[in-house]
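Take a look at this one; I'll ask things after.
Labels A, B and C are assigned to the chains in the order they are written; within every chain, residues are numbered from 1.
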């Protein structure tokens, strides 16, 4: 910033001075907003690290839980269970959610799209425990069996609106000039959608899917009456399966200090799992799209 | 992008097919039970210990609450339920097939008090506690409290009542007791796992109530005995029908059960709050396991019954170290009879 | 040209697939709605409108009214949005318009992390860290300033409407921020360049061009956040105070629809009780539906109002076209936050 520039930038009227001042206030305000937004993140992560780290070790990550009064034991079964449930939920939600989002963005049947958009928004506001009730009635009661399948289904219902709405938002953002150019070249709509629109929106779609995964992996209430929880390692989709949030919740409300420490450690593991997945997926998508 | 989506779709279908094709994949015998949060630590200990001796059996107990246990056994989604409050006649009728109540341990409720000015334990009577929770006694220096605490200087401090906000077997035992000692409580509030509280703050779980009491000077609340003992929460001594003031302890709870076991009803659904007898703590109750009398899958039934039989005998040894009150001998023999009465397709299981 | 009709057939099939997926979303909601409606039938038909306006929740006498929980849900969500909308959109503006790309990347990852933290962990933190902090420091300080102002009356308990609203705000902000950021990013660079070339400061570019252009998407971001706030269960349950009552004070304990369901669902012992809880779910679904419809109308209003305002800005920009101000580089994302002035 040399002298010449300083001269060029000098306000030529009081009005410009006011405008510059407003600009500066504005910049300070949005910068302040970011700081305020990041403070809880630091506070939350700080708390779970401080309280969770003492109980955390390799054994905790890999072994099965032990009953009260016995030292050791871990949440290996629940880490695996949470991964199985959340991935299972994605397998059900993505094939419906992404095309639904593309449809919402396509503007080809605006009235139907409006109704479906509203459905997605209302579904996003359904309390997770009600989703659990729904999955319970649909998949647990008829088969008289709590199962990983029912848990994954409940999670998929929670993931669905997030995936559909983010897909819509990001597909909408693809500049219409891009679509129009492709259409003008004679490409059919479906090809334009798959080869032009989705690739350029891919990063955003992936971000939506990751957000859905994170939300699903952290859900407690919808799993209580579906996946149900288990002390054992389980791979069967038709048996009850453990999940980290369930373990966390059960340990947190127990009367034992040992289990409280494990609850915080489980919180740390759950956060690390979700956050690591987030960061990894983020970098992976960043590389692919560039 | 569309490649990965296709791949995901195929994988989903493949997973569903594998899942449907291999329903009985697990080689171990799975037994699933659910219900009272109170039994969770004990059941998980039992499951672990029993599994060591019987590696082929995996007993999975999940704490979903007493009401949940009753609902799930009724819906037959679990092989056994568990509850701190017995099933009502209406609930038993809804289940259609006969359900047996088998006591496996005892629960009790401690009255937690945070009164910084008083260091020794308060002596409280049932009617006084009822009036506090009704919002009628609002100061700690109320004459009714002072009457049983001669020698203590009670402060002119407002009483803050803390209670459970979630439905709970702990609440059931507590309000069952209050209804027995206070006609007004019985009329105005009643007995259930959650009630319309006339006064105070709601907190979730034993943790929540204990936290509220700990952080609010002048407060009174109730927590599960195990929780109070485990965390060293200051508790009041409660007056039992013989006139003694008894501090909550595992021993005092077993005494209450022993006093009540002389005249247990046939179906073992019994309230032992306000039980008479020397040294008996008055706010106590059984915690039951619920099983169908007539089983249809004999392999599961056999594994389940052997586990429960072990639980009411060898399993009782694990109770005291976890601050659970072991069953008195008189009750164990009644449990044996109950378990032996279970049949599978007409033939006795044990 | 045999490929033409074939590709149009594929096109139709493709579109049909998309419609089917969209209907899939509607079907799931219909399924959930049918589930709660059929379950709640008994409570709703017995209670009628009284179920909505009743203020008593007594499981023993089986008298059920939803009003206090509905009030709590609306109040906590309103508090959350009042805090979260300016902070969330402000952060998004900072990330997409002002921060250098490196800062934006790092902060963007952090905000996404905030969005990824599971709600049960928010609940744990809210109960053990946030509530004691508010009770011991913030609430007494607020009361010292405002005295007996009814909005802040009552004993500082740390839990209540205000705490739940604040926790919800923390949970909703990342949703609003990351969606808004994507929306702002999509505003064509030409829009910014045009306004900048006319001599507008960064603030004027954002206020006059970027925000009006992105308005629709921003409201979408807020609606998404509102959806999360209304239905949030575990975290709110832990900090709302769980008192079935209506109070004007933000410091008072209350209840929300979702929290009542979460607290009592597992223990509901009679069919009528269960039905009343399902009734609360119906009220919650209805509320979400109404607020969504309202937001949609708002978007329509904002879209037309925005166009008019946009005209104003152009007039302003014409006036200031002669101001000799340096033109920033074509990529505002690369500018340092402290910028030119």
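In this section, a residue touches a chain if its C-beta (ideal position, glycine included) is under 8 Å from a C-beta of that chain, and two chains touch if they have at least 3 such contacts.
As the structure is a computational prediction, the values presented were derived from the model and not from experiment.
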item: Interface with more contacting C-beta pairs, comparing A-C to A-B; value: A-C
item: From chain C, the most remote chain by mean C-alpha position; value: B
item: Whole-Å gap between the CA centroids of chain B and chain C; value: 39
item: Distance between chain centroids, defined by C-alpha means - chain A, chain C (Å); value: 15
item: Centroid spacing, where centroids are CA-atom means, of chain A and chain B in whole angstrom; value: 36
item: For chain A, residues that touch 2 or more chains besides their own; value: 95, 98, 224, 252
item: Overlap residues in chain C, where contacts from two or more other chains coincide; value: 266
item: Overlap residues in chain B, where contacts from two or more other chains coincide; value: 64, 68, 204
item: Chain B contact footprint on chain C (complex, rising order); value: 56-61, 127, 132, 135, 157-158, 237-238, 241-244, 253, 263-264, 266-270
item: Chain B residues within the chain A interface of the complex; value: 1-2, 5, 8-9, 11-12, 15-16, 18-19, 22-23, 25-26, 28, 30, 32, 34, 37, 40-41, 44-45, 47-49, 58, 60-64, 68, 75-78, 204-207, 224, 226-227, 230-231, 321-323
item: In the complex with chain C, residue positions of chain B that touch it; value: 64-68, 70-71, 88, 90-91, 165-168, 189-196, 201-204, 208, 211, 215-216
item: Parts of chain C lying in touch with chain A, wherever the complex brings them together; value: 7-8, 10-11, 13-15, 17-26, 28-32, 35-36, 39, 86-88, 90-91, 93-95, 97-99, 107, 109-122, 124-125, 128-129, 170, 173-174, 177-179, 182-183, 185-186, 188, 201-204, 206-207, 217, 220, 223-224, 226-228, 230-234, 257-258, 261-262, 265-266, 278, 281, 284-285, 288-289, 292-293, 296, 320, 323-326, 337-341
item: Interface residues, chain A side, partner chain C - complex; value: 5, 8-9, 12-13, 16, 19-20, 22-24, 26-27, 29-34, 36-38, 40-41, 43-45, 47-48, 95-100, 102-104, 106, 108-109, 112-116, 118-131, 133-134, 137-138, 157, 160-161, 164-166, 169-170, 172-173, 175, 188-191, 193, 204, 207, 210-211, 214-215, 217-221, 224, 245, 248-249, 252, 263-264, 267, 270-271, 274-275, 278-279, 282
